[in-house]
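Once you've had a glance at the structure underneath, I'll fire off some questions.
Lettered A, B, C and D in written order, each chain numbered from 1.
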Amino acid sequence: MGGSAVSRRLALISLMAIAMIVVPAVTSLPSGISGVKDTGCNCHGTEADPSVTASISGLPSSYNASETYNVTVSFTGGPAIDGNANLGGFNLWVSEGTLATLDSSTQLWGPNEASHTTEGNDQRSWTLEWTAPVSGKDVDFILHTNSVNGNEGDGGSSGDMWAKAQVEVTGFGGELPEADPFKVLATLIVVSSVLLSIVVLYVFYRNNPEGFEWERFAPWITEWLTSTDHKKIGTLYFVQGLFFLGVGGIMALMIRVQLATPGAEFISQGYYNQFFTLHGTTMIFLAAMPLIAGFANWIVPLQIGAPDLAFPRLNALSFWLQPVAALLIFTGVFSGGGADTGWTGYAPYVVTENTHAGVSMWAAGQIMLVASSTLTGINFLTTMAVMRAPGMGWFQMPLFTWSILVANLMLFLSIPAFGVGLIQVFLDRTIGTAFYDVAAGGDPLLWSHLFWYFGHPEVYVVIVPAFGVISEVIATSARRSIFGYKSMVYAMAGIGLVSFIVYGHHMFTSGMSPTLRFVTMLTTMLVAVPTGIKIFNWLKTMHGGSLVYRTHTLWTLGFLVTFTLGGISGMFFPSMALDVHLHETYFVVAHFHYVLVGGTVFGFFAAIYYWYPKMTGRMLDERLGVLHFLTAFISYNALFWPMHRLGVVGMIRRTHTYYITTDDFQALPEWAADWNMLISVSAFLFFASNLLLVVNMIKSLIRGEKAPADPWGGWSFEWMTSSPPPTPSFDPHNLPELKDANEHVANEPSRLGQMFRRLMVDDDASEGGSH
Amino acid sequence: MSNTILGRDAYWMNFFGLMLLTLIEVAAVGADLSSAAEGFSMTERQLTLWILTVIAIPKFIMIAAIFMHLWGENDSGILTLTALFPAFFIIIMILFIGLTHPDASMGLPDWCRPGNYGL
Amino acid sequence: MAGVTPLFDAIWNDYLMWSVFVGAISFGWLYHHSYFYRAKEGEVPNIDGLEVGVFPKEYDNLKLEVTWTLLPFILIVWLTYISWAPLDAVWSQTGPDGYHGSECQEGESSNNYFDSDGYVRSECYWEIDIVGQQWFWEFDCNGLSEDLCSTDYATVEGELKPLLTLKEGETYLAVMNSIDVTHAVKNPDFGIMEDVVPGQETYLWMPAVEETSFLMLCAEYCGDNHAYMTAQITVE
Amino acid sequence: MSADYHDHDDHHPSPWGPHDWGHGAPHNSFSPLIMSIGCGMFLLMLGGLFSFGEYDGRYLPMIFVSLAVIAAALIVWCRQDMSFDGSYEPRAVGVPFKNVQVRKVGVWIFLWSEMMIFSSLFSTYMRYRQGIPRCDTVFESGDWVEGVAVTCFEPASKLIASSWWHIAPGAINTFALIISSFTIVQALRWANKPVGSVDEEVRRKRVYRYLAATWCLAALFLTLKMIEWFIGFHVPEIGFLGLHEHDIHSLYSEGYLINNDHYQAHHYVDEATGAHMVANIQVSASLFYVTTGTHGLHVFGGIVGLTYLTYKAWTGAYNPQSAVSIEYFGLYWHFVDLVWVLVFPFFYLY
């Protein structure tokens, strides 16, 4: 704000200084005039003379972008009379667009300043070409003309007169002038607050149709802002997750429109680069993780029979850090310079000054998300370790709870590495430390290591909870207990453990230590084993069952198809000869969207259809649900399946455009353009089909059927409570007790269990553990 | 509070032990160890590093065991196990991030190459 | 299907075969069970007697579970083996033990040929430099003769881009460096890529086995003009 | 939703005020919301205050505003906890933490993430320490030209461990932290003495004095750190100790800075030619300041916690029923000490 005013003033002063320096030059009249825009034409006398009239013609009242106009500048009056050796000269300055000469009577001082030449000083009018800018800003034309008498005395200028004319051509108002980031951010906060307030008031009104009174509204809204109840916080997470799923989806659509045809200019590369960066960051951190956290908040305490989480206030803090962090991450977008580093934010690009300004806040927002995840981790790990209802041993925990346990363990232990990396980047970008300054010896690969040490567990963090959902849904839908409960648990734990030693496969072509590349190539192959166990166990669960087809059953079967495909395509990457070609191509994009959309998102769609009645007490519409599944499943596959083929023929990620083979060089085959069009169309269909889910949820809230306590016939504790459950979810003084249909196991700890038991605090220890 | 070391109060004993070890550390850095280092055929700096590392370990254990109650309480056993849980992940991090060094792909060591095994 | 390089194709086909095999088993199983074990009209049975608040009857079979732990394990051991085999070729070392010998002396030729496994072997190689910079590539032939390696400019979609001309039948080792941020050389027709990292040299084997002319791309995001950071490589 | 809310209305204390810890219903709080906003503001303003090392003072007032917001949130948080008297101290059920206090398990799990944070910092340190040649090695090799900066690793210990006086603040800090670890277990011990075995007024005084001593030691730690980093100190002439009057320069005035790419030190002067070696030490300085600074921030966090504990102890709130609260804080505090046990040798001595 102040800075730009100061620099504008400085620019003005320096312009004036330059003008004064060139004064001697401009007085040598016949060769042209320059630098008179601000000082006025002092080359022929000090004052403008009213007897001379300058005029500009040929300009439209408002221009079209990039169109070229012929501009004629002329003057009348003054001492210029026919027969003089020289008649006059001019200087034309435009604020926007570019000038060009048409003949030798004019010359350019720059793209926006022109004058006459020695040849042209015997004319009274000159014609130039002006190409309008694309910006759409209003354009000023400033013209100075001399009318000269052609004498030689006094350096040729005595008795000459000059005039000034100014014309403004209005633009089409296209691009906004550069905005002040903080003003824009403030405006956006105000606007979104207003929108949010309207929504909140409407929801309040629906709940209290008898009327709006502050006495009723204040405690209601305070309750939502301050609640530490796991169910309310779960709902808040859920709303945030769905909102950003939409935001991330819209950014994906922008990307797809741009890529629908080769060489398109739908969005500029600056925006494209922001969109793919924020699409990744949003989808992983602001959509997938909050959706998972939402379900974990809602379901985990209910499933283990706990009244609430262990640290409810920390839980509230975990949530509230997220919307604020989201605001920081998007700060740059509001001011036109969102982060453009890719969600991986590779160093040293991420710390260079020619990144967009939003990168700093992108890092800052993620630091807050790291804090949020850390608090969530403490909370959930403690809750699951200490607050299971009587009778519920580790191996009686429902599989969804197990999946949240494994996911939180991975997240909790890996995210500090990311946090440290982000802090290094943030400090590099603010106070100027040199962690990733290559000239100072910084190692760009350190960031990749810290990022992927977290990043690989992270992608399992978002997929493992979906495993839990699928395990619950498929068992309930098949009316069976899950096949191989223990091997399911061991497989999940195995995935969790392996995730920490495989991350190097993201860096196979990065110049990382070759030994580590080799080691992670071997370990990456191992991932297939526990994943395979899980898939086969799910399939076997259906065996001898009686599959009741509901919407969540459909999503689960859909998950099994897409996740298996995603798993298989994942096996191509640890093979080095394949990886050096497939790395950074659309084959990778296809793979991780098959796992993250076909896995996580499908899993959580199943979870929505499965647990929504429990959360709201209202059933969802099955017909709409089936329609949602069918349209989404088909458009999803049409969206991501072709990407495999595009990747193999060499289409790379994160580029604003792609090249089709021409006569001169080989690039993508011609059909690649058609396939991209197909992908883009499918993307819109996929997005639209998911709106059905939103419609379904709203419809259910307004006039859904009342849900019973156990609509699907599940066994775990959440089905014991009413729909929706009371607060606190279970009476702390009268916790439910889990019975076991297998009587033989409960009281016989295994050898490992006996070891634990020796280490544990005895029941009869007086005031066990205290001092 | 019944814990004792050599018949004296554990906190006090631990405190004195820690002070002593820290004094040794400071002394090891300040003292001229070059002649001793030659005896171990290493540079003085290496010897200092070894002394510092070796002393850091008992200090670490003493603080964890006595002050953080990982020794001698009812819940010490299970909490020690809890405290050690991240060890695997820390080791992986130090091996993979702390101790690797960037190199070109052709620097793949022989033991990773099939050709080395005649395959 | 791919037709990238003989080495890529060989492993790709193996992998594709095993993928189809695994996919066929999984999907056959899935489709069969989801149809055959569907609930009949109006029927809501409770096969394992699920009951709220009761941990359900265990349903497992150790032999089966061990089977589908071991079989995939054996499969991945096999896949690891076939992926390991080309490591010597993909990340070949220099010198007589490597697939591309030592650096060529003047007058020598790489004489590229395919061995029985589909790997390119050469008698010696030529060293060239590739330098990445926001947002263009720079080639340096290191003084090699015109017919072995030459640099020029070509027009790619209306923009002037660097052109590198290599000789068919020769093998090149690209010594790569970046002067600002991380880039990556991606040569789709050679089926290879490797990052170009500032402050560190990386290497890339480029065996020019057949005549072609293709676009070299930047595959690591490097800033505004990333998508347009291309160059043309011609093998003739 | 609003319906069942009203059922609980009467039990709900204000979200600003002290909690009623006696009943199990959720305790509402404004603190999380305010703290999040404060943290967001702080990071935003920090991004305005510094940009690639350029300082812009216009954002400074907002930094203080955001810190005030965070402080307000902390005050609300602590105010709600003041009413906590230890009567509501749930214990774990089931394997493996059976009978252990829930909050103790929570603190230990929190320490996992602290361990990973410092492991990440140490991994960074190891990688750079190995990967970048040491300045003294480069200097001795003679592989440098005067006036052209050499990129090399200059450990801070080169300055700090150069004399007894230089290392004094760090060494005193080491002892300060060990003593503070000891004072806090003493506070715990006094709070834990069975009721009746000790006069309650004596207990109150002992507990809060030990906690206050811990507070002072933590403050001493940070003060000495600032002296070592930025201020330096003066050694007077003391004849009978053989001391000469001289100044001990701070790291700042020695030019050991995160943005110094032209570092010169007296020990990098070639005696034969008088040529200075100029070094780019930004990475080593960044590592030193950020790692020890992260530790220092943990000490600062400890001071914040100790302020609350000391105040609560002054009101006489700690007795055997509620003493475990001191232990939970103590676990964190000892962990900070443990980290120093590693930071001190590797950043100050080696």
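Some points to look at:
In the analysis below, a residue touches a chain if its C-beta (ideal position, glycine included) is under 8 Å from a C-beta of that chain, and two chains touch if they have at least 3 such contacts.
Bear in mind the structure is a predicted one, so any value in this text is a computation, not a measurement.
Interface comparison, B-C versus A-C: the pair with the greater number of contacting C-beta pairs is A-C. Work out the mean CA point of subunit B and of subunit C, and you get 42 Å between them. With each centre defined as the average position of its C-alpha atoms, the distance from subunit A to subunit C rounds to 28 Å. Separating the centre of subunit C from that of subunit D, both taken as means of CA atoms, is a distance of 47 Å. Rounded to whole angstrom, the centroid-to-centroid distance between subunit B and subunit D, based on C-alpha atoms, equals 22 Å. Along subunit B, residues 1, 69, 74-75, 78, 81, 86, 89, 93, 97, 100-102, 104-106, 108, 112 each make contact with two or more other chains. Of all residues in subunit A, those touching 2 or more other chains are 392, 413-414, 417, 439, 441-443, 445-446, 449-450, 511, 514, 518, 756, 759-762, 765, 768-769, 771, listed in ascending order. The set of subunit C residues touching two or more other chains comprises 84, 87, 90-91, 194, 197, 200, 202. Chain pairs that touch one another, listed by label: A-B, A-C, A-D, B-C, B-D. Residues 263, 269-270, 272-273, 340-342, 346-349, 352, 354-355, 392, 396, 438-439, 441-445, 475-476, 478-487, 509-511, 514, 518, 521-522, 525-526, 528-529, 532-533, 535-537, 539-549, 557, 560-561, 564-565, 568-569, 571-572, 574-578, 580-581, 583-585, 648-650, 652-657, 659, 662, 664-667, 709-710, 713-717, 719-720, 736-742, 745 of subunit A touch subunit C in their complex. Looking at the complex, you find that subunit B touches subunit C at residues 102, 104-106, 108, 112-115, 119.
Of all residues in subunit C, only 1-2, 4-5, 7-8, 11-12, 15, 19, 22-23, 26-27, 29-30, 33-34, 37-40, 43-61, 64-65, 68-69, 72-73, 75-76, 79-80, 82-84, 86-87, 89-91, 134, 154-157, 180-182, 184, 186, 188-189, 191-195, 197-200, 202, 212-215, 217, 219-228, 230, 232, 234 touch subunit A in the complex they form. Within the complex formed with subunit D, the subunit B residues making contact are 1, 11, 14-15, 18-19, 22, 25-26, 29-30, 45, 48-49, 52-53, 55-56, 59-60, 63-64, 67-69, 74-75, 78-79, 81-83, 85-86, 89-90, 93-94, 97-102.
Across the interface of their complex, subunit D is touched by residues 2-3, 182, 204, 207-208, 219-220, 222-223, 225-229, 232, 307-308, 310-313, 316-317, 319-321, 323-325, 327-328, 331, 353, 360-361, 364-365, 367-368, 371, 374, 377-379, 381-382, 385-390, 392-394, 412-417, 419-421, 423-424, 426-427, 429-435, 437, 439-443, 446, 449-450, 724, 726-728, 732-733, 753, 756-757, 759-763, 765, 768-771 of subunit A.
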